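In what follows, chain A forms one complex with chain B and a second complex with chain C.
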Partner chain A sequence: MDQLDAAADPLVTVDVATDGVGTTIVTIAGELDIGNIDAVDTAVAPLLLTRPERLIVDVGGLRFADSSAIALWVRWAASVDEFELRNPQPLLRKVIKMMGLAEKMELDP
Partner chain B sequence: MTQARTFPADPRSVSAARRFVTEVLSGSPPELLDAVELMVSELATNAVGHVQTSFELTLGRTAQEIRVEVRDHGGGTPAIRTPGPDDARGRGLRIVDGLADRWGVDYDQRAGKTVWFALTVPEAADTGTEQTRSSSDEKASGLSSGLARRGVR
Partner chain C sequence: MSLVDSERPAATGPVRSTSVGLSGDGRSLGDLGVLWVPAVVLVLALLVTGSLAWVSYHQYTRNERRLLGLRLRDAGALLTAALPDIQSELASAAESAFFARATASAKLGVIGLLRPPGLRLGYAFATPGVTDGFVAYGENQLPADRRSAIERTSAFTGLDYALYLGSDQRFQDLLLTSQARLPLPGPTDSVTVPFGNSALTLVMSSRIPLAGSLPQRLPWIIGIEGALLAVGASVGALRLTERRRSAEDLASRLEVSSSENRRLYAEQRSIAQTLQHALLPDALPRIPGVQTSAQYRAGAQGVEIGGDWYDVIDLGDQGLLLVVGDVSGRGLPAATTMAALRYAIHAYAAQGDPPARILTKLSDLVSVVDSNQLATVLCAVVNPERRTISITSAGHLPPLVISGGVGEYVELKAGLPVGVQTGASYTSTTISVSPGATFLAFTDGLVEHRDDLERGLSRLRDAATADDTGLPELVSRLMDELSYAPSPDDSVILGLRWTS
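Our next item is the complex of A and B:
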C-alpha cells in the first residue's frame, strides 16, 4: 500500500492499493473538508487516469467528512464504472442516504 | 452559556470552527455534537468558500437546546438547492435542513447575514425507564439517566 503525499495536510491520510485486475482501493482516514479536499483529489487523480473499473473508497477511519467530501466522491464516481464507499460512520451514512446518493455510493442498505 | 469566536476568510477556518464546537460543547450527547460539527462545517464552508468572508461563530447551549449562529459579511441569499446524483455541489444547506430542528437566515442593515440553526437536546427522562418517567423525584431521575448513559437498563 502506498501512502500518498496528499497527507502533507495534517488532518488526513490517504493510502492506495490496486489488485492488478481493475480494482483500486483508496483508504482515507482523518478529516476531510474544503481545506484539504484539493490535495486529496490531486493525489488520487493519477490513479483515476488509469481508468480502474472499480474504485473502492474505504472511509472506516474517516472521523469527519462534510459535503465537500461528498462532492469529491461524486466526481470520482463519474470517472469509473463502479464506485463503492465502504464503512462510512453513522452520520455520514445518514447524510448520504438523505441526499439520495446511497445507490450511487453502493451503500449497504 | 454562549461563546463566540471570529474566524478569518481561510479554508483552514472550517476545521478550526469544528474544533471550537467540540471544545465549547463538550459533554453534549455525542450524536448531537456530531450533527452540530457537521452543520457548522457546512456553514463555515459557505462563508469562506462561496462568499469568501470571515465569519463569526456563536454557540449557545441551554438544558433545552443548542443554538448556533454563523454570521458572515458577504452578500447573497442562502438557498437550498436540489442537486441530482451526478451534481458535485450544492448540498451544504440541504444537510442543515435535514439535520437541524429549526434553522433560518437573518439579514441586517449592514452588509452581511446570519445563518442560524437549533437542535433540541433530548430530555434526560427520555433516556430513563418507564418507572423513572413517572417519578417526580429529581434525584431518582438523575440517577436513572446516569445509569442509562452507561447502558444499564
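Our next item is the complex of A and C:
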C-alpha cells in the first residue's frame, strides 16, 4: 500500500491500494478541508487517470471534513463507473444523506 | 459550509507574516546610547588602574628611597669607622718619628686635593697653636680619573657613589666615584661625616632596584594589565549593551509586526465582510402581510470571504421567493460562484421559472468536476395571503417553521446539491401555516458545532421557540446564541413572519 505524501500536510494522510483488476481503495485519515483538499486531489489524480472501474474511498479515519471534501468525492464519483464512500462517521453520513448524496456515494442505507 | 465534529480543534486566526521595514537611519541616536555604558566602564576602569599604578609606583619609589637611605647609613657608618684609623696611623707615625706622645689635643687637618703630579689627598696631624709641636703629614694617592668601581662581591654592589671632600658636592672636591659622569643618575641620597677639620660627603644612588625588580615593574604591570582589562571590560560592556539593544529592537519590531499583522488581519477581515455584504441584498422587499429579517455573520477565520448568501425576491402576485444558499469552499472562487448563482436565480425567477426548474438550471452554471465546487440551495415561495410555503431544496438543511409556539423542521425530499449533476431534478413541498407563523432558513454554520448535527438543529429549534419576540430580535438573538465563537464557518439566517 503506497502512502502518498499529500503535500506534506500533517493533518491528512492518504493511502492508495489497487487490486489490479479495476478496484482502487483510497484511505483518507485525519482532517480534510479547503486547506488541504488540493494536495489530496493532486495525490489521487494520477490514479483516476487510469480510469479504475471501482473507486472505494475509506473515510473511517477521517475526523473532520468540510463541504469541499464532499465536492471532491462527488467529482471523483463522476470520473469512475462505481463509487463507494466507506465508513463515514455518523455526522458525515447524516450530512451526505441530507444533501441527497447518499445514493451518489453508495452509502449503506 | 463545513462539518465539524468533536475532534476539531478550536479555530484560530491565520497568522500572516509581514516584514516591517525599520530603516537604519533611526539608529544614530540609539548608537550614542550603545556607546555610553562602555565609555563609562572604560573611564572608570582606567581611573582605577591609574590610581593603583600610581600608588604602587609611589610605594616603590618610597621604598627605594628608604632602602637607599639605609644603605647610605651603613656606608656612612663604615666610613666614620674607617676615618679614626687614618688618625691613629698618623698618631703612631708621629710618635715613632718624634718620640713624642701625641697629645689628645692634636687635631687632624685636611690640606686638600693636591695635583700634580697625580691626584693626592693631603692631611696632617698636628698640635694646633703650638709652634714647636710636631706635624705628621700623610697623603692618599687617588686614581687620576677619580674612578673606583664597587666590587661585585661588595655589600654595596648595584649602588653608585661619589665621595666629596667637604660638605659641598663640588666637582673640584670630588675624591672618588663609581660613575664616569656626574651627578649620579636617579634619585640620590647623601651623608656627611666629619673628617678632621673638614668633612667627607658620600652621595649614593642605586643602579638597580634595591627591593628587587618586581616592585619596580609592578606599576607597569598594573598599568598595562589594568588598561587591557579596562578595554576588555568596555568591549564586553559594549557587546552586552548592543545585545540588549538588539533584543529590545527585536522585541519592538515584533511588537510592530504583530500589531501590523493585527491591523492587516482586521483590514482583510473588514474587506471580506464589506465584499460579502456588497454581494448580499441591501434591503429586503416589503410586502403587506409578512415581515422579513436576515443576518449574515462571517466565520472566525473571516479573513476570507465565505460562500453563504440569502435573498428575498418579490414575485409580484405569486408572493416572495426566499433563497438561502451555501457554496462549498471559501475565498473569491466561492464568492464569485455565490454571486453568479444569486443573480442567476434573480434572472430565472424574473422569467417565471418555479424553484424546481431554477435549481435544475443552476446545475448548468456550476460543475463540481470543473470547479470543484458545489452549492446547497433552499428556495421557498411564500404566499402571504394563503399562508403557504412551497419549499425546494438542493441538498440544503431543512427550514424551521414555528407555528402556534411549536417549532418543526419541514420534511423535504432534498435533491442533489447544485453542481453534482447536470439536469438534476427537484421536487417541491408545500405547507400551510397558521397566522403569525415564523419561517426560518439558515446555513449550516449556524447549527453545526462541536456535537451532532441533529443536536445543533434541536438547539436552534429550542432557542427559536424559547420566547416570543419580534422577528428582527429573534434573528439577532439566534445568531448571537448559536454562532458562538469560534465557528470557522460563516452563517446566514433568514426569517419571515406573518404579521396577521
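Here is the rule we use: the second predicted complex is superposed on the first by the 108 of 109 C-alpha atoms of A that agree within 3 Å, B and C clash if a C-alpha of one lies under 4 Å from a C-alpha of the other, contacts with A are read in each partner's own complex, and residues count from 1 in each chain.
Everything that follows uses one rule, which is that contacts are C-beta pairs under 8 Å (C-beta built on N, C-alpha and C of every residue); 3 or more make two chains touch, one makes a residue touch a chain.
All of these numbers come straight from a predicted model, not from anything done at the bench.
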{"item": "Fit-or-clash call for chain B and chain C when the two complexes are aligned on chain A", "value": "clash"}
{"item": "Partner chain in contact with A:Ile28 - chain B first, chain C second, else both or neither", "value": "neither"}
{"item": "First, second, both or neither for A:Ser79, with chain B first and chain C second", "value": "second"}
{"item": "Partner chain(s) touched by A:Leu91 [first = chain B, second = chain C, both, neither]", "value": "both"}
{"item": "First (chain B), second (chain C), both or neither touched by A:Ala71", "value": "both"}
{"item": "Partner chain in contact with A:Met99 - chain B first, chain C second, else both or neither", "value": "both"}
{"item": "Touching partner for A:Asp41 - first (chain B), second (chain C), both, neither", "value": "second"}
{"item": "Clashing chain C stretch [against chain B; choices 4-12, 220-228 or 346-354]", "value": "4-12"}
{"item": "Touching both chain C and chain B, counted on chain A across the two superposed complexes", "value": "31, 33-34, 64, 66-68, 70-72, 74-75, 78, 91, 95, 98-101, 104"}
{"item": "Chain B residues touching chain A - in the complex, by the definition given at the top", "value": "11-12, 14-15, 18, 31, 34-35, 37-38, 41-42, 45, 48-49, 83, 85-89, 91-92, 94-95, 98-99"}
{"item": "Interfacial residue positions of chain A with respect to chain B in the complex", "value": "11, 31, 33-35, 64, 66-68, 70-72, 74-75, 78, 91, 95, 98-101, 103-104"}
{"item": "Sites on chain C touched by chain A in the complex", "value": "1-5, 7-8, 326, 328-331, 368-369, 372-374, 376, 393-398, 413-417, 419-421, 444, 448, 452-454, 489"}
{"item": "Chain A - residues contacting chain C, complex", "value": "31, 33-34, 37, 41, 63-68, 70-72, 74-75, 78-79, 89-92, 94-95, 98-101, 104"}
